[in-house]
Amino acid sequence: MVKLAYLIPFFPLASFTTLIFFGKRLGPKSALVAIGASLLSLATAAPFVWGALGGETYAHSFEWLRLAGKPLLFGIWIDSLSAMMLFVVTSVGSLIIIYSVGYMHHDPRFPRFFAYLSLFMAAMLSLVLSPNFVMFYMSWELVGLCSYLLIGFWFEKDSAARASKKAFITTRIGDVALFLGILLLFFTTGTMELKNLKPEFLGAFAQHSRALTLAGILIFGGAVGKSAQFPLHVWLPDAMEGPTPVSALIHAATMVAAGVYLVARSFGLITMFPDSLTVIATIGSLTAFMAAFFGLTQTDIKRVLAYSTISQLGFMIAALGLKGYAAGTFHLMTHAFFKALLFLGAGSVIHGTGTQDIREMGGLLKKMPHTGLTFLIASLAIAGVPPLSGFWSKDEILVAAFESENRIFYYVLSATAAMTAFYMFRLVFLTFFGKPRKELHVHESPAVMTIPLWLLAIGSAVLGIPGSPWMNHFFQRFINGSIGGEAIEHAMNPFVMNVSVGLGLGGVLLAAVVYLLFPALATFFGKALKPLYLASYHKLWLDELYQATVIRAWYGLGGLLARFDLDVIDGAVNGAGAGTLRLSAIKNWIDVHIVDGLVNEVGAVTQAFSSLLRRIQTGLIQNYLFILFLGILVILFFEQR
Amino acid sequence: MPIPLEHILIFSTLLFSIGLYGVLVRRNVIGILISIELILNAVNVNLIAFSRVHTLNPEMGQVFAIFVIALAALAATVGLAIVLALYRVKQTIYADEVNLLKW
Amino acid sequence: MDSLFVNLKKGLLDFLSSFLPADFVMIASALVSIIAIAILGPFTMMYLTWFERKLISRIQNRIGPNRVGIFGLLQPLADGVKMLTKEDIVPDGADKVVHFLAPVVTVIPALLVFSVVPFGRNMAAVDLNVGFLFFIAVSATTTIAIFMGSWASRNKFSLLGGMRSVAQLVSYEVPMVLSAVPVILATGSLSTVSIVEAQSGWHGLKWFVFTPWGLVAFVIFYLCGVAECNRTPFDIPEGESEIVAGFHTEYSGMKFALWYMAEFMNVFTISGLTATLFLGGYQGPFLPSWVWFFTKTYALVFVMMWFRGTLPRLRVDQLMGLAWKFFLPFTLINLFVAGLWFFLPTRGLRVGVSLALLAVSFGFLVWVNKPFVPEKRMYEFAE
Amino acid sequence: MLILASKLFIYAILFLSLVAALGVVMLPNLFHSALSLVATLIGIAALYLALQAEFIAVVQVLLYVGAVMTLIIFAIMLTHRIGDQTVPQKNQQSLPAFLALAAFVGMVSTLILQSNWPVSETVARVDALALGKALLGVYIFPFEIISVVLIAGLVGAVVIARKD
């Protein structure tokens, strides 16, 4: 039974190999292969998820290699956390793949797209299933590769090619940190097993607390890269150059959540040595706040969503940093659904209108009722309006922040929640309400796209219920079965709940006032708060800052080296050359009159000899070989005595 | 082992020398390839015979003999492809008629 | 009854050991097996020719040999006499030595492979622990003999036949070995006796052919075996209507008989090996083991002859395509399926997954190998 | 008695293999020398059998005789002039090569006979199972490299031999 779990990532992998070799031949049918594979994965994963709901844990592993006496294992490990991820990845993934059939309909590299999506599914599933850091890191790099391939899927576009490179290189920085963290962990404790990241195991290594704290922070560095946390968040907005289903699947629902998953997995390590907790909570809330701030003014529909994603990921990270294990993972699940839905809705809008600029849209709700309604549901969910899923999970996080030692996290996150509601409804009102601002040939997307939208909408609406008091916090008890360290227990907090509802609705109302009732207010605010507006619009000039510091520094270093080459070395060479020229002019006379006579004589003698010696150079390979052999013979002869 | 190791080693030396003689003397390129097979076989005989040297584990020799056999098959394939290409360029398969490297 | 032959040999050796030293008894023991095989081989060949002629006649609505002995049973003897007294012709330009050696060399592997075939319980002449590989390796040397014969004859048709035959043998060897690998996977041994013993469950009926991968491997292995013996429908190396008689065009008399003998012994041993690998060898209920073995083997031989009476000859490209584009990938998939079979935990799952995978890949391969047939034939110069 | 006979038998095999190997390099007709190589290879396979390495012996026959020799003979048959007795089959350095090799054999043989070999009297029997475990266990890395090299060689052979 346990071994059956190996099939879960196998199906997409098989689909990938089939499509990469026979994709051209299959043509449009290749989508069926990918859909079938992901549905099979879903079906195979279902019993495991069901078993995990019942409190079971599945584990199996086998030895892959043995290097220097240490076995490197492959295997599977399914506890409640990975079961949740399995559920999210297979269900959201399947829906998005189905959706892509409609979205990528006219693309000439249609089969290739599904091949990559399948490869991504395989990598992501094996990441979720991996029982140790070896397999985890391999899958981690593989999802990064898929992200790179898919962002640059339309590599003819210069911006897409550059975005893919940017994403790859930026996440690489985090990956290096992760790799170093894994190695540090391994050399300190000698384990790669994820299940060993528990106080019971790590307690024996208390004397290495500094190394382990550093390992925790380095591992978190991997999450910073992959989950687009400050200061490595800059790749995610640019990653929107990829096709929208990719943004939904990889850059909203699953891959970027892998960083959160990683932090949740190493929760035991982090809480054991709590210095890292502060770092994590700070970076998480900072990212959440900052990205929400950026989201306020963006005009590209996908970029708003991208910043929203970064912000929500910051929420999860902050929750984990505040020991809110259940809160962070719960938000991870609900966010996967509503954010995927938002992206797919945005994709549908882009598909229907042909533009991404929200200033050109407006009043789309009538022409695209399915898209508009589902988008609205998702926006309500993310804004934290009860009883949709986002409310319950965000509320959990706020409670965790409220109960932590430092109240500042609570204030920052609450402000972020309000901003989230505001910018989401800014997006909704600008896109779907009001009057059309430009003549666009709008049409509703086909059923193959709207049906996944509705399924995801149902998911975003109801998936909060298991974590709510109505079901007696079932989800929290379930997920805490996989916990590695000690997390805080939090009760319901009516104060926090009321404040969060108030903030959410307030944000919505404010957006309605500004963008629906008095559109003039928007420009007024833009002028009145010009520095803030510019700061948000230009994303705090962080990209420029990186350009000016890190990238410039590298360029500068390169320039310096080039300058050194040109000036010092070349100068020396040139000076030497000039000097030589002058000298040689003098020597020339000596040469021609005195030396040449001598040389010519020597040359004649050499020619005479070499015309004899060149006969050795026969060009016949067997002669060479024979002489080689004679040499060996001579060596042998002298060695023997 | 029924016969002493030394005899087998001398046998393989002889085999090697005969193969080398073929490589040095044969004019036909395919003949040279055939002789190379003899040399490789001499190596294999040694590998198998050394299996009984005390300090080594017994699989080692056989495993490497398998590797050598695989590489010999490869060498034959690539060698014949080169012969084919050579024939196409120079219209000959005699090694001493090919002296493109000559001074 | 089961160990009739074993006991016969044992009795003989007991008798010998009463007055011979132990060393000689060992040699005698080997000699007994060798002599038994040396008699069985040619005898099999003689009566397989008779069997084939009778069978083909029945298929073609004739009677077949019926003049010499009852049912023509003495016909092979008469043929033998005829072969022996025939003039031995060696072509003028032929390489005389090689021309003579080729038929002799071809019989040696054909006889050698008999040594690892388990004819019954304790009736394998040698239980080599690499028996199966030995069989494959030794029968692979047949190519050299065919080369020798075809080259030495100095005849275009011979050379063509030889080339075709070698291309075919080399191609079909690959899927043949690969299709047998699942069996070895299941047994964990290369010894033919262990392979048979591994199928001893269910009162001797737990044959590998009763599993999905076993069935596929059996069909492929058997068809490759048919091709390895150069028999119809894979008999392009000796296609009468195309290249006279292929590599043995220039042979007559006893040398021709040797070629013929090698071919029929190969038919017998390949069928025997197929039975050993997939049909449980000598395993079976009620009857003595050797009866079971010969029954299965002759049933397979019968199918081969049935092929000959029924199927037309393949074209060269079809032949190669079948081996490389169909059998080879399918055996690889089958190997994978067999691996899954031992990996999956429950019986229902095993059967379901294996059947599904095999069916899907079979359909896929058929689809990929679909011959190109233009929907409408266009004649450029026809008005 | 039997041991003596088996020893004699092995020496006979060695001797015949050497004679056949000489045939490989001496016979003027390339086809004959290829056949002679087949004889040598089978002799060596018999030697492996005597050294208790059945698996290698069988692989030797399967791969060398079955595959490599088939390939080589195939190539020989595609070349003309092989039966032509007027074309010399040896180049001029045959005598010096012979002398040098004789010296080589003399030196190496004395080295072999003078050395002390730490050998055991019994040969460990390595069956196919142990060999497979070793191949996919301790030696997995060389094994993978060989696979890569084989593929590279395959592609290379196709590229070189293709008419372009």
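All chains are identified by letter, namely A, B, C and D, in their written order; residue positions are counted from 1 within each chain.
Quick note on the criterion: contacts are C-beta pairs under 8 Å (C-beta built on N, C-alpha and C of every residue); 3 or more make two chains touch, one makes a residue touch a chain.
All figures in this text were calculated on a predicted structure; none of them were measured in a lab.
Enquirer: Centre to centre, using CA atoms, which chain is the farthest one from chain C?
Expert: A
Enquirer: As a quick test, compute the distance in whole Å between the mean CA positions of chain B and chain C.
Expert: 33
Enquirer: In whole angstrom, how far does the Cα centroid of chain B sit from the Cα centroid of chain D?
Expert: Distance between chain centres: 7 Å.
Enquirer: Between chain A and chain C, what is the gap in Å from one C-alpha centre to the other?
Expert: Their C-alpha centroids are separated by 58 Å.
Enquirer: Once you find the CA centre of chain A and the CA centre of chain D, what distance in Å lies between them?
Expert: The mean C-alpha positions of chain A and chain D differ by 55 Å.
Enquirer: Multi-chain contacts in chain D: which residues touch at least two other chains?
Expert: As it turns out, chain D has residues touching two or more other chains at 55, 59, 67, 91, 93, 97, 104, 108.
Enquirer: Which positions in chain B are in touch with at least two other chains?
Expert: Where chain B meets two or more other chains at a single residue, that happens at 20, 24-25, 95-96.
Enquirer: Could you say which residues in chain A touch two or more other chains, in rising order?
Expert: Expected reply: 620, 622, 626, 629.
Enquirer: Can you give me every chain pair that touches, using the contact definition above?
Expert: A-B, A-C, A-D, B-D, C-D
Enquirer: Going by the contact rule set out above, which residues of chain A touch chain B in the complex?
Expert: Touching chain B: residues 614, 617-622, 625-626, 629 of chain A.
Enquirer: Which of the residues in chain C come into contact with chain A in the complex?
Expert: Touching chain A: residues 343-346, 349, 368 of chain C.
Enquirer: Would you pull the chain B residues touching chain D in the complex into a rising list?
Expert: So the residues of chain B touching chain D come out as 1-3, 5-11, 13-15, 17-22, 24-28, 30-31, 33-35, 37-38, 41, 44-45, 48-49, 51-55, 58-60, 62-63, 65-67, 69-74, 76-78, 80-85, 87-88, 93, 95-96.
Enquirer: In the complex of these two chains, what residues of chain D are touching chain B?
Expert: 3, 6-7, 10-11, 14, 17-18, 21-22, 24-25, 30, 33-34, 37, 40-41, 44, 47-48, 50-53, 55-56, 59-60, 63-64, 67-68, 71-72, 75-76, 79, 82, 88-91, 93-94, 97-98, 101, 104-105, 108-109, 112-113, 117-124, 126, 130-131, 134-135, 138-139, 142-143, 146, 149-150, 153-154, 156-158, 160-161, 163
Enquirer: Please output the residues of chain B touching chain A within their complex, sorted ascending.
Expert: Checking each residue of chain B against chain A gives 20, 23-25, 32, 95-96, 98-103.
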